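Right after this note come the structures.
Shared between the two complexes below is chain A, which pairs with chain B and chain C, respectively.
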Partner chain A sequence: MQNIGAFGFAIGSRLVTAIVQLWVIATLVFSLMYIMPGDPVLMLLGPDSNPTPEAIAATRAQLGLDQPVLSQYVKWLGGAMQGNLGTSLDGYPVAQYIGNGVFKTLELAFAAILVASLIGVPLGIAAALNRGRFLDGLLTSVATLGISVPVYILGSLLILGLSLKLGWLPASGYTNMSRSVAMHFEKLILPAITLGFGLAASIARMTRSSMLEILGKDFVRSLRARGMSERRIVWRHVLRNAAIPIVTIIGLQLGNLMGGTVLVEALFNWPGLSTLLVTAVSNRNYPLVQGAILTIAALFILINLCVDLFYTLLDPRIRRKRA
Partner chain B sequence: MNIVRKLGLATGLLALMSTSAIAEGSLWFGLSAEPSSLDTVVQPGTAARTVKLAIHRGLVNYGIDGKISPELAESYEISEDARTYTFHLRDAKFHDGSPVTAADVKATFEHILDPNGKAAFRNELSIIDAVETPDDKTVVLKLSTPSVALIGYLALPESVIVPAAWLAENKDNPTATPIGAGPFTFGEWTRGQEIVLEKFDDYYKEGKPALDEIHFVFYGDENTRVNALKSGDVDIIDYVPAKDAEALKAGPGTELISTYGPFMGLQFNTKFEPFSKPEVRQAIAYAVDRSAIINTAFNGIGAPIWGLAIPEGYMGYSEAKKDYFSHDIEKARELMAKAGYPDGFEARLLASSQYSFHQNTAVAVQSELAKIGIRLTLDLPDWATRMSKAGNADYDFAVLGSLGEIADPDWLTNYYYGGDKLVRTNNSPYFDDPEINGLLDKGRATVDPVARAEVYDQFVDRALELSPIVYFMWRQQDYAVREGVTGFTNLPGFLTFQSGYSLENTKVED
Partner chain C sequence: MAGHDVLKIEDLSISFRTEGTLRSAIRNASLTLRSGEILGLVGESGSGKTILSLAAMGLLPPNAMVTGGRVMFEGTDLLRAGASALRRLRGKRISMIFQDPMASLDPIFTCGDQIVEAILLHEKLGRRGATARALALLEKVRMPDPPRIMGSYPHELSGGQCQRVMIAMAVACNPDVIIADEPTTALDVTVQKQVLTLLRELNAEIGAAVLLITHDLGVIHEVADRVAVIYHGDMMEEARTAQIFSAPKSAYTRALIASMPSMSPPRTRLPVIERDAKGEIVSVVKPSATVRAAPAVTGGATLLELRGLTKTYTLQATPLSAGREVRAVDDVSLAIPARSTLGLVGESGCGKSTLSRLVMRLIEPDSGDILIEGQNLAGLDVAAMRQARRDMALVFQNPYGSLNPRETVRDLIAAPVDIHRGGKDRDAIVARLLDAVGLPKEAAGKYPHEFSGGQRQRIVIARALALQPRLVICDEAVSALDVSVQAQVLNLLHDLQAEFDLTYLFISHDMSVVRHVSDSIAVMQKGRIVESGPAEEVFERPRNPYTRTLLDAVPQVGTMQPAAAEA
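Moving on, here comes the complex of A and B:
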């Protein structure tokens, strides 16, 4: 009982911290947008068309941008607290834009993490078990390469090779599942690999070092001394004990991906949150920028919270320490 | 090995399934931006225009030959004194099934002319004094001052006709479903991703459009847009980057549809002391080697301009004056000395880092002008900032990349007219010459083409003498299509950004 109460307290205090973090981020973003030069009304009406001062004034009033910044801030924050992110400058609810983008970014991030884990974990294990041998050196070098190659280069190479030369996969875009399931996943493959490759490398390195650490522990020696088979030692005992740092890094990376898909989304024209954010910034679409950043921040915090809670569950020692 | 084989098989299957999933008669259009609005009366850029011209038609529009094409009006007459325009409507239907009537035309113009409205061309159209509707099929526009140029503004995508009933309900609703009388009906807009249009079966042109649907997919990144075309993800793209033009032209599998449309040049803030002097502006026109701009910023693609940016065939174009300037550093130095700046001066040049050709033009200008002692600081913010600085005349001079809105010579008004609004996006701030204003007013009101041409000849002389704007080059404006796409036309010259009109002729073969 006491344990559950302590656990609840842990969650509660984390949530309060998260809300304060969100508020700080929201306020910062709000201020930044207003410090930035550039006029959203001009972008909306089309600067090339020389909008009349009357049209500019009318539009500004219609959008509420003629109000004092502080009252705009209070109004926006009040809405945001009730889950209302306001209206994009083109008249559509910000939530509609976010709704269209967020699942695409999440889908891409999860696909990338899946790719990264499927490659990274086995490679890390193989490297650890062959420590100091040729295979280890090879895998470590590949991992270093993987971390160092910028996603932009890797993505461009993949597009050039697999898409433009061989024609195996589409180069860009997004197809709704309702239109074509096959096409939907085809278009997911390249961005997921591009995004996942670098992550695979860091997962592999983390897996390797975590495995090595556990392999060096006394209990492993005892197990060996008792004559347990090497395979059983590795799979049943070492891997399980090595899992926490691996799960942590996977979780952290997933969180980072919420804001870290910018280049890949741009490269593959993936219509996710980052693409939305970049466009909104260049059009000075304040409400949309605020909404998108708030969503990205909320996802980041939420995922980190989940990771935390997850390994609290995974490792009884952490639970006890908290209590 | 097994996994590899399975993956290969899966990919193959996916490929098979996907080919069958593409509907026939669908065009996938890679647009360089998501329109910020489909409101017919505002002009937020080419992407919006392309979509608007697929959905809407005006009384007249610019056709694929660059001439005024009668659309919802079957025919029209302009009175001898250029004060009365009479339009005879054809039997056309809006997407909601209602007929296009004179009342709809009247309501549309009232909306455009609303003093509190957002219409981009309200100023140009505000000479419309009254819209009369003697019967359901006739519209008479009475003008407060004579103008032969009005027909050009009526042909713009911002002057398209929408139903009166729709306006009454949706005038102030930016998210209303657009209804027009054009070849395609509005289907769906997935924010941040694509706009889908569907064929309008009751379009007034027999047998058109050929396409069943159009997907406008937003490709903000130019490299991604080009790759999407090469890999067949889309069938057509706009704003082909200069560096990719040659490759897409050569193919295989792709084709380039080109025109010289926009121009590059410089606009001068005439409140900045040195730029208030015509000699300095002329000196700059002599000092800048046009090929330096074309090579630095446009991969060598483009045509130099040594006079005014008036396309061949347009009124005001003159073979004799098209090479008024030349690359002549000596002459430039003389002019600088004459203006009182033998040792040059320092100035800020505004451009934008968001578009590489704007930035690179600025870089080339910087090194060219150093040769006559003008030392430049480059101001290269993003586009939104650049535009808002332009709106406040917050620059000494700026890189200008634009074009005339209409094919009528009155396009010059926007660039040269003084009047009561002296800071505009495309003019040289605070430049106000009574003689130029007078000639532009006269040109607009002169009906006889020969007499009118003479007025613009005089204008050209004066404009070159004062050179409030210095031009560098014609920019090639390209669309690229994949093999099998036919019927899309890049409208000639200044009209290139209205090429969406030709989507009614566009076909796709597999």
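Moving on, here comes the complex of A and C:
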């Protein structure tokens, strides 16, 4: 029972940490408004117009910017906790924009991770099992290449080849699932591959080194000495042990993708969070910038939390610490 | 009781491929394992004993090449058998027990799962039948509460318990041959005794042939029927155990037995193994390199005195649950006279390493006094403590881990001088210290990886002496070394004590080493000193029951006349 208590506490303390992280980020995001150059009120009224001081004051009051900073902060934080991220400068609720973008970015990120894992894990295993042979060298070089090719070059090449020349897949854009399921997934493929390719390479390398580490352990030799077949050793024992760092890496990469989809979203005209954020920054739409950053950070923290809990479940040494 | 021949290693030669060349590891080795018999294979590190055992399982690493000979088991040559034929033999007919039991179990499966899996690999029992068999096996290896062990992960068990699980798996299918490679080296001496007794009994019960590989002659003496001695890939001799110890034929065996600390009177120089001008192995007692008159004062003033030293750790199952106090060091009082050696013995986890760190205040004590020549270290501030540490030095167990591989020996040895004296006279000091520990001057420009384990420990000792300390704490300083190398390092420590007027706090789990080096002994159990006194008294007339248990558990080569002395 004590073991379960220890594990429960580990989860609890991890949750508390996540909440504190979120609060710190929320505070930083709020203060962005005061750190960044430019007056949002002037932006809202139009850069070319020549507003009267009365008009500026009126808009300021309308946005709540005339109140003391502390009360603005409390109001903003209270709203954020309830999912109310304020009003965009164009009058729509920020939450509505975020809601539109967040699932598209999540979908793209998950698709990319899926592509990356499906390619990376088997290649890593193959390389590890053929260590030092031709296949290992080949896979390792390809992986290095995969990491070093910039996303926009790979994306451009894929668009050029697969859609413009061959016409197999649409070049860019987004189709709502309710309009056409087939179109929706067709448009997902290219950005997912572009985003996932580099990740596949790093996952493959991680898988390879993790597998090799476990293959060198004493217990693998013991299993052989017990007459177990290589196949069973690899699939049942080595892979399960190696999976712990691999899952961690995959999870962390997924977290990184939350803010790392900018180039791919831009290249494929994917209307996700990153696109939203870029547009908001260039328009100095501060409420929207705040909301987008907060959402990205929250997702990052949430995903990391899930990864931590997940690999704790995988590893009995963490799950059941000796009391 | 010796039965029929089961496994025969005939004229086996093995080489390793390294960078295009072949390095010979074993030359023309022959061994016969007989049913119901324990054959001990003794050798020091690098002698090829583990390679020989792996060859017997057909488990040689890919870069090993068999250049001649065969390993015969029931008419099959294991070196040339196919993979599937080998798999059917491994674990069922021939099983193996390895050195590090914790690392030899898969950490993410329960012990029960692993035993059941081992059984099902070779027997058509069904899961339920295999589980019943596993429980019976755990009972057989005398595990308390088998159902709990079945559901435990390896990290939840002690090293001794893990080794019992390994043994349970090894005997699961009643094998004909059991190969045990240093099965007790990682275990405490009392646990070692239990495991060896268990092996002995199981061997009698199932009648398997056991190949027991070890560097420890005491273990061999305790359990083996016959002994084979291997040295640098050559079999030196093979004989019945009693005969090896009473009348060893080969010069190496004689020298090896003679270099055991228990074979020489305490506080004397140990014989070391060398080759003479003709290349023959000889055992020689070399006089001290630096001859010096005995120190003017012996056993006078007290150098180090500990009074009521206590350190408590609080263990909590969860940060919210009530803490359980563990007294790692509990009210320890000790006194070491100047220029003498206090041996501190105890099993793993008894608090002896914590004590050594408390003395230097690398860990802060909760209460108690640490007096060096009357100065109480416990009350010193950080700056004063740093000054006081110059008088003390620590030598750790692992000479591989305690030397930074990226620094030259010169920089390593001079580091304390650089820190405390701004590098004054560093080259002269390094040269003098290298000479003192018996290393050539050229060693200064080399890196640690260019030295053997014993040489590295000499470098560590030289560094410890750099600031001319008065107290040297040796924490298992010779435990990682082979017997013959250990003898050299013990001799060195002995010489240095006279030359530099050193006082040693010598911490070890090895009773025979402690017996050899110590003037006085303290026995530690669960943080407390349960017995202390002059070495001879504690060893000959132990008063405390724990001391007696500890001494009884030490495998004895017996009181027989050391063979080397006769030769």
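As a working rule, the second predicted complex is superposed on the first by the 287 of 323 C-alpha atoms of A that agree within 3 Å, B and C clash if a C-alpha of one lies under 4 Å from a C-alpha of the other, contacts with A are read in each partner's own complex, and residues count from 1 in each chain.
By our rule, a contact is a pair of C-beta atoms (placed from the backbone, for glycine too) under 8 Å apart; a residue touches a chain by one contact, two chains touch by 3 or more.
Note that the structure is a prediction, hence the values are computed from the model and not measured.
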{"item": "Partner, of chain C and chain B, that touches more residues belonging to chain A", "value": "B"}
{"item": "First, second, both or neither for A:F219, with chain B first and chain C second", "value": "second"}
{"item": "Touching partner for A:S13 - first (chain B), second (chain C), both, neither", "value": "second"}
{"item": "Which of chain B and chain C A:G227 touches, first, second, both or neither", "value": "second"}
{"item": "Chain B versus chain C as contact partner of A:H237, first or second or both or neither", "value": "second"}
{"item": "In the complex with chain B, residue positions of chain A that touch it", "value": "36-40, 42-55, 58-59, 62, 89-92, 96-97, 100-101, 156, 159, 163-164, 167-174, 176, 179-183, 185-186, 266-269, 271, 275-276, 278-279, 282-285"}
{"item": "Residues of chain C defined as touching chain A within the complex", "value": "57, 59, 86-92, 95-96, 98, 100, 103-110, 117-118, 121-122, 153, 155-156, 166, 169, 315, 317-321"}
{"item": "Contact set on chain A toward chain C in their complex", "value": "2, 5-6, 8-9, 13, 217-219, 221-229, 237, 240-241, 314-317, 320, 322-323"}
{"item": "Footprint of chain A on chain B - complex, ascending", "value": "11, 13-15, 17-18, 21-22, 33-34, 36-37, 42-45, 48, 115-123, 158, 172-175, 190-194, 217-221, 223-225, 227-228, 230-234, 354, 381-385, 387-391, 402, 414, 421, 424-426"}
